[in-house]
Amino acid sequence: MLVKNRNMENTSLESKEVKEVKEVKESKENKEEAKNLKVEVEAENLNFFYGEKQALYSINLKIPEKSVTAFIGPSGCGKSTFLRTLNRMNDIIVSARVEGKILLNNQNIYAPNVDVVDLRRRVGMVFQKSTPFPKSIFDNIVYGIKINKLANSRTELQQMVEQALKQAALWDEVKDRLNDSALALSGGQQQRLCIARTLAVMPEVILMDEPCSALDPIATEKIEELIVELREKYTVIIVTHNMQQASRVSDYTAFFLLGQLIEFDETEKIFTYPKEKKTEDYITGRFG
Amino acid sequence: MRKLIDKFVFTICSLSTVLVLSILALIIIYIFANGVLAINLDFFTKLPKPVGEDGGGMVNAIVGSIIMVTLAALISIPISIGAAIYLSEFGKGFLATIVRFLVDVLAGVPSIVIGIFVYTIVVLPMKRFSAIAGALALAIIMIPTVVRATEEALRLVPQTLREAALALGAPYWRVVLEIVVLSARSSIISGVLLAIARIAGETAPLLFTALGNRFLVTVLDRPMASLPVQIYSYAVSPYDDWHRQAWAATFSLVIFILLINLSVRFFFRTKE
Amino acid sequence: MRIIEADLNKLKEKINLMGILTQDAIEQVVKALVERNTELSENVITADDKIDVLENEIDKLATDVMVLRQPAAGDLRFTITCLHTAGIIERVADHAVNIAKHIRVINNEPPLKPYVDLPKMGTITREMFRDSLQALITGDVNLARLTIRRDDQVDDLFHLIYDELLEVMQKDPTTVKRGSELLFVIKHLERMADYATNICEMVIYMMEGKVIKHTQEAF
């Protein structure tokens, strides 16, 4: 069926040559665009310590806005730690210490005058295990909106909830039971609820720490589709152990090893021709 | 041979279980048998009759118990939950260790010692036994149980839930009060209820503080009757009718505690 | 050992075998032509079936590797190269078969003239193909680049022989039949050399991740 459709499509399109010329042109335009991309998140010589132990070694990285970036690497390589430095979630660990800069829209988030609470609104986060609050579906979304005083009226609040749920592709599944407990949702729905909750406070960057590792393949696919859609409006950074997932959803991939950023490039380059041997060894499973 | 040992161990364990269960069953059956016969409407509505007269009830003790247990709960719950939140969410370092140690010590102090303590610091200066002193003693007994249960419940709330709320731009104090406590609420309520069930049956601390009262009082600075103390004084009396009333009181107290335990069970069941 | 390793080794073996068989085919048709030995060229036609079977096997195996092992980076490039190269080798073998068919006619006619440049062209083509395969199996990028450069020699010889044949045919119209058959033969040889070049380009893609097909930066 699929094959048939494809063939029919082909017959209706322009001749092959015309298409090729067009493609060449487009890819050139893309490349030029890539150069002009605005950098949203930038790490400058970032070191991170848990007490005496150094977990990240002078990370330098520029992540363009409105793109999906995947962090890959073996367990304990520092990818999650690095992700958590981006919204200062590591601050709550007493022994944690950061050196260097993280720039969010050219503003150092570790500068002394930065309001951490507001920073965390701007840089949302979704976790490995879904974390619905023990409240109704509606109140889960409302929580962040109310805390940040984003809605001026009851109607506006309801609109924002609806919009967030729609953006997270959850609205149709829950619109008739908004007052049910969020804990009654399935794992995949809970995870999308958490994404909706994050979207509701209008962040600029969304961090995801292995958002699909506890989900079945179908729920995973839905989240992945969502991530790809989110790229239109947000800068998404996702930590994943699943390399196929990284290759499916991301535009850029960063490979971490032993607290160091080994390689950062367009995903397609990382997965077809990585420059570093360590990257090649990791993604082809030669590691260890 | 191996099978034999297996059977032997299994038999020993089963017998122990049966023994425990039968002791419990005996107590309950004994109390029920005596209590059902002894209880009547007068017991809940009438005041005690003077010595020598049959009949009458324990309305003074029932109301007294309710007042003092409620008051104790009102005093101890905010303090305990506050302390538990401190220990679980903010308490790091030396001070927290000290607090935790003191709570442990307090939990181990015999209730009669607490009664004497309250007697020294409240009853003696006031020169009078009072409901407030009784409630205070009960509150002190309740505190370590509630602190322990609440701290445990708060610790069981996954760290990522706190982080998720923080990531929405919530300040930490709001995260703790609105999300963490909310998530732990059923465990906290269970802990509080079990603590209430425990103090409802306390006798010793009340002997030195609330003493007892033959009349129905609702003012807090007067001596006040309570079920356990009333049971104690009626049980050691030489009068048969008082013995009957002691059985009735015991029966009501056990039913009350049983109901609390069952409702706690129910809480956990519905949660999972 | 990595699970994918066994599959990749199997792919490599099959490509190697296919290459060796095709190399033999080229050698035999060139010999059959030069020595006017029709029997030899008939062998080539029958031996082609084996090469076709191998191509199918490689296609299947490479598809399986892609869907089941999901190769990445070097593994991915190797698998793609095998898939692509199997098709190329099969076409080289087909060209050998075509030459063998022309030889049936040519060897039935009296010789046109002593072959001088034709054996040279045959040898270079055969060597180019051999070297391209060796570059593939050993991942030798230098050999691949050297081989690509030799394609010009074949092209030059093609034009030389072409002009010569035209001249002969113009002078003596009775030679037209033999002559035009020979034209086909040199065209096939020239195509074979092109295919060897394509294999070399795949080797460079496999080793360096660079696509140099249809670009000027072949060297």
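Going by the order they are written in, the chains are A, B and C; count residues from 1 in each one.
Here is the rule we use: a contact is a pair of C-beta atoms (placed from the backbone, for glycine too) under 8 Å apart; a residue touches a chain by one contact, two chains touch by 3 or more.
Fair warning: this is a prediction, and the values are worked out from it, not measured in the lab.
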Hey, how far apart are subunit A and subunit C in touch steps, shortest way?
1
Quick one: point me to the chain whose Cα centre is farthest from that of subunit B.
C
Identifier of the chain whose CA centre is least distant from the whole-structure CA centre:
A
Rounded to the nearest Å, the gap between Cα centres of subunit A and subunit C is 49
Taking the mean of the CA coordinates per chain, how far is subunit B from subunit C in Å?
92
Roughly how far is subunit A from subunit B, going centre to centre by Cα mean, in whole Å?
50
Contacting residues of subunit B [partner subunit A, same complex]
92, 158, 160-172, 174, 178-179, 182-183, 185
In the complex formed with subunit A, which residues of subunit C make contact?
2, 4, 70-77, 208-209
So in the complex, the part of subunit A that touches subunit B is made up of which residues?
87, 89, 92, 94, 117-118, 120-125, 127-129, 131, 133-135, 143-144, 147-148, 194, 197-198, 201, 207
Contacts from subunit A onto subunit C in the complex sit at residues 243-244, 247, 270-274, 279-280, 283-286
